[in-house]
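In the two assemblies presented below, chain A is common to both, partnered first by chain B and then by chain C.
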Partner chain A sequence: MTAPDRAPLRRHRRNRVLLQVACVAVTAFMAVPLYLITLAAVSSRASLNAFPLSFLPTNLSLETLTAFLSSTGVVPSFGNSLIVGLWTLVLSLLIGVPAAYGLARTAFAGKEPYQLFLLFTRALPIVVLSVPLAQLFLTTGLYDTTYAVILLHTALSLPTTILICASVFLAVPVDVEEAARVFGCTQAQAFRQVVAPMALPGIAAAAIFTFVQSWNEVLAASILTLNRRTLPAQVLSSLGDSPLAYRFAGGFALVVPALLFIALMRRYLTNMWGSTIR
Partner chain B sequence: MAAPTLDRDTEAPARRTRRARKGPSGLLLIAPSLVFMALLFGWPMVQGVLLAFRGDQGFTLEFAQRMVTDANFWPAVRNTLLLIVVLIPVQFAFAIAMALLLRAKPRLANVYFFVWAIPLAVSDLAAGLVWLAVLTDRGYLNSLLVSLGLPPVAWLAFDNWTSLFLAVLIAELWRATSLVLVIVVAGLQGIPRDYEEAAAVFGASPWQRLWRVILPLLRPSLQVALILRTILAFQTFAVARALTGENFPVLVGETYRWYVTLQDPGVAAALALVVLVLSMVTSVIYLRTLRSEDAR
Partner chain C sequence: MSDVLISNLVKTYPGNTERATDDISLEIADGEFMVLLGPSGCGKTTLLRMIAGLELPDDGSIAIGGRDVTYLPAHKRGLSMVFQSYAVFPHRSVRDNIAFGLTMAKKDQAEVERKVEWAAELLQLGRYLDRKPAQLSGGQRQRVAVARAIVMDADVLLMDEPLSNLDALLRLEFRTELKKIVQDLGTTTIYVTHDQGEALSLGDRVAVMRAGRIVQLGDPIEVYDTPTDRFVGGFLGSPPMNFLAAKVDPDGTGLHIGDDVVPAPPAARSHGGRDVLIGVRPENIEVSTERGDLTAHVEVVEPTGAAVLLTVDVGDEALKAAAPATFRARPGDVVHLSFPAAALRLYDAETHALVN
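== the complex of A and B ==
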């Protein structure tokens, strides 16, 4: 009797090993830069000036971060970013959730054109709106206020908010809503007591996503403001005349919310990007 | 026999009218969003065109002319287009490869997906600063080279166009591939494994399975990702600025420069329209070619 052929098994094992190697390589490409910016942000001035730089956290210090935070305009810009992000979130939910519900649940004349309109606005470059709006806000006195940025960020995130929320509502079975109606709820009651609780996690995900979009947006915020800058606008405007340590700390401050966001949203990512934008 | 059908026929319209009477109509629900977006999209668009083409004595090409004759304009057009032409194919190949790795269900797949998705929420400015830490003269890459006994390289030297281009390219690849990845992963979830297995049973090699089974089924997702990514790539700006200052001009960066540094809103508006027209034309071309392939 011949020994059983072990070649397929060996090939399978080799493929699994290669798979892991490839995955680890991609992970390194994605994670190492994040590690390095974190390392740079928590290193002391002296160790950042050394060359070659140390790749291990040997000289930890909050010096670089505190220097960044105490530079002119940084702390207020944190506040502005927070205000702009939160108001953008509130406004786009206030306007977007009803629209999403209408899109998901009701039939109305012009639904197709409306959906096309949403797609079109998603594709509009931010820069096209920023320059004329800045001129417009200059004449109306809204220039260099957080309101101007809030309005523009809301407009930018609204199409995405509507599409994500609509897909959230579509995922709530019509049956439960109809059951509530059968038992005597009005449509508003059915929405409040049955649909809203079921849709809440998805809408929360959309809300956090809106906040991050606003937190990250740099061009419109820089063009629309002069003194009341958001954090990215502040960092961008001082790029030219700031030391490297400041820029590294700024980069780190901008990256941290992203880490938190993805950690929170991991389960929703494919749903949000996959099913909604088609 | 006839009674139930009759019942249903009379019941349906009644139910529909009742529902319409009790709840707000769809139009009412979408009206606020429509008004808001018309004001904040429509109005600025009109204003933008006026800003770019209206001078003191009516219609003028003065701004357009000033834009085209600027020394940075054509390099900015070239850089933006070249970045798209090189970046998008590399990015899609990379993202599809990553998605297929995840589909092979490696151990720790959830951890991998989490790490690979992080740049999705990283802003372009932050990505530029992250790669600045790596690529700057006394940065981490040169530190690595020196500790390996190799000479350091001035990656971001202002006069070395190729390495500036590569720096922006790699930062954009790092930052924006996760968007394509997430869309492709979502698309792959909708493709049953049976199809691949069936193809394998009939003797298709992995390569054939990819090109003949997976990619065709993935086309709708790829189409969305392609349009979205290309339009976003036209807006590349903060990455280039963080990494290269103004040594690698791109179109949106030029708009920023004309508006903020040179305080010339007319030219800035004209440049913005160039970006708009380029994005629109590209989207239309994509939709046309991808649809005509569908028809074939």
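== the complex of A and C ==
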């Protein structure tokens, strides 16, 4: 008997090593900028100008961050961002969840074109939407209010909210809903008692997605407001004429809340993309 | 408890030209166990869903206990149902699942608890009351679904293939259990299945359906023994009834199968000289190595433990015959078959309807 050919085994091992290397490289690509921005945000102003730049947190200080937070407009715009994000979330769920339920549970003429049509809002560049809207909001007196941004963000997030929630409702078996009806529920009760609890994780995921989208959206917010800016719009507008430290602190302040939100809701997110919604 | 009266029920699904149920009328007595049996697409589930109020008929009427419920919403019909997919509520504990219907009906808390305990004990779920359905096996989930249905004391209990998702051994076990439970409750039950074994073993009466119509309605033994047409005979039984082309003697005393002749049952007299199909159950064919009316060649031998199933060729037609477990044969052997006249059913060669 000849010795077995071990080449396939070696190849298998080599591929596994290469896969690991690739994973590390991709992670580093995402993580290193985050690390650097965090490092810069919590380092003293002097250390930022030092040469060579230290890659370890040797010179920790809250000086940069406090300076950023105390500069004009930052705290109010942070508040604006929160208000816009939360209202966008509430409105898009209020409109999107019933629409999604209808899409998932009923057959109607023109369903396919309707679903495609939903995505058209996203096909238009935000600039193309914002400029005429700015005009409209100017005449209706909504310009430079958080309402204007909330309305636009809701409109922008509705397609994804509806499509995500529709797929969530599709995954709730019709049988279970029918069982609820046979056992004494009206259609509305069946929704509240059975369908909604089962769909909740998926809906939560859609909500997170909406919030993060709104939190990060900068272009429309910049066009539709002057004095009531959201945080990204505020940072963007003052980016050009601000010191380096301010930019790092601003970037840090933008990234952290979104990251925290995602980390908190991670369980629901994996639920959404996985097969389990139960 | 109530009787169910279905009259001329018609339903066509949108986009279909064929009727899912085609003018079905059926009377189910108070306390009766009625089985709707048929292949998939025969309309049995549609019929059940219309009784439940989950589908609305286009025409006809349904009355439960003398009350017209044709277009009443499901929750006002006083029914209970067991679903094929269990349809237990995954986000609720077993206890809350079983209590669901009673809670929705705003029953007294103490009574709800008493009923849940009773059903849980009956279905051996006592230890699992505080678990979520995800922590149960398929068989246990189906028990939860049955418990949820029986606590309702409903007028009519509907079951939509409740055993079909269970594995074979469990199915047989639970079938017996289900029959006992329903017997003891005495509730009017309508049970949908495509499994002829379940239909025969559970039903007081069986309605065999095909293409939206009831083709035969009767007690299980009668339906099994005397199928009124070829379809029913070919659907019931495992393996189903054999059908052989034959010609009746002019005087109606013998049946010619190729060159062989077998004694004819009395029904043959009306069809003297005409072509018929002989219907014979595999277990009614007598197989012998020595003598018989027909000569056959063994093609396949399948011992099933309780019997030996032979697939044999008679002329150019294949037959299945069940021989005693001790019978020994090998493929290629020649065997002799006898058809006892009393066990033979004759079907018109053209209409496939039973010849009386």
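The criterion applied here is as follows: the second predicted complex is superposed on the first by the 255 of 278 C-alpha atoms of A that agree within 3 Å, B and C clash if a C-alpha of one lies under 4 Å from a C-alpha of the other, contacts with A are read in each partner's own complex, and residues count from 1 in each chain.
The rule we apply is simple: a residue touches a chain if its C-beta (ideal position, glycine included) is under 8 Å from a C-beta of that chain, and two chains touch if they have at least 3 such contacts.
Quick caveat, the model's predicted, so the values are computed rather than measured.
Asker: Could you look at A:198 and tell me whether it touches chain B, chain C, both or neither (first, second, both, neither)?
Answerer: second
Asker: For A:99, select first, second, both or neither according to whether it touches chain B, chain C, the two together, or no partner.
Answerer: The first partner, chain B, only.
Asker: Touch test for A:154: chain B only (first), chain C only (second), both, or neither?
Answerer: first
Asker: Should A:135 be classified as contacting the first partner (chain B), the second (chain C), both, or neither?
Answerer: In the superposition, A:135 contacts chain B only.
Asker: Would you check which partner chain A:176 touches, where first means chain B only, second means chain C only, and both and neither mean what they say?
Answerer: A:176 sits against chain C, while chain B stays out of touch.
Asker: Where does A:189 make contact in the superposed view: on chain B (first), on chain C (second), on both, or on neither?
Answerer: second
Asker: Once the two complexes are aligned on chain A, which partner has more residues of chain A within touching range, chain B or chain C?
Answerer: Tallying touched residues of chain A, the top partner is B.
Asker: Looking at chain A, which of its residues have contacts with both chain B and chain C?
Answerer: 107, 181, 186, 278
Asker: Residues of chain A touching chain C in their complex?
Answerer: Residues 107, 173, 175-176, 178-186, 189, 193-194, 197-198, 278 of chain A touch chain C in their complex.
Asker: If we count contacts the way the header does, which residues on chain C are in touch with chain A in the complex?
Answerer: 14, 52-54, 73-75, 77, 79-81, 83-85, 87-91, 100-101, 104-105, 134, 148, 152, 158
Asker: Taking the complex as given, what residues does chain A use to touch chain B?
Answerer: Interface residues on the chain A side: 16, 19-20, 22-23, 26-27, 29-31, 33-34, 36-37, 40, 49, 51-55, 94-96, 98-99, 101-103, 105-111, 114, 117, 121-136, 151-152, 154-155, 158-159, 162, 181, 186-188, 212, 215-219, 222-223, 232, 235-237, 239-240, 244, 247-248, 250-251, 254-255, 257-259, 261-263, 266, 269-271, 273-275, 277-278.
Asker: Within the complex, which stretch of chain B touches chain A?
Answerer: Where chain B meets chain A, its residues are 19, 22-30, 32-34, 36-37, 40-41, 43-45, 47-48, 51, 98, 101, 104, 106-126, 128-134, 136, 138-140, 142-144, 146-147, 174, 178-179, 182-183, 185-187, 189, 220-221, 224, 227-228, 231, 234-235, 237-238, 241-242, 245, 252, 255-256, 259-260, 265, 268-269, 271-273, 275-276, 279-280, 283.
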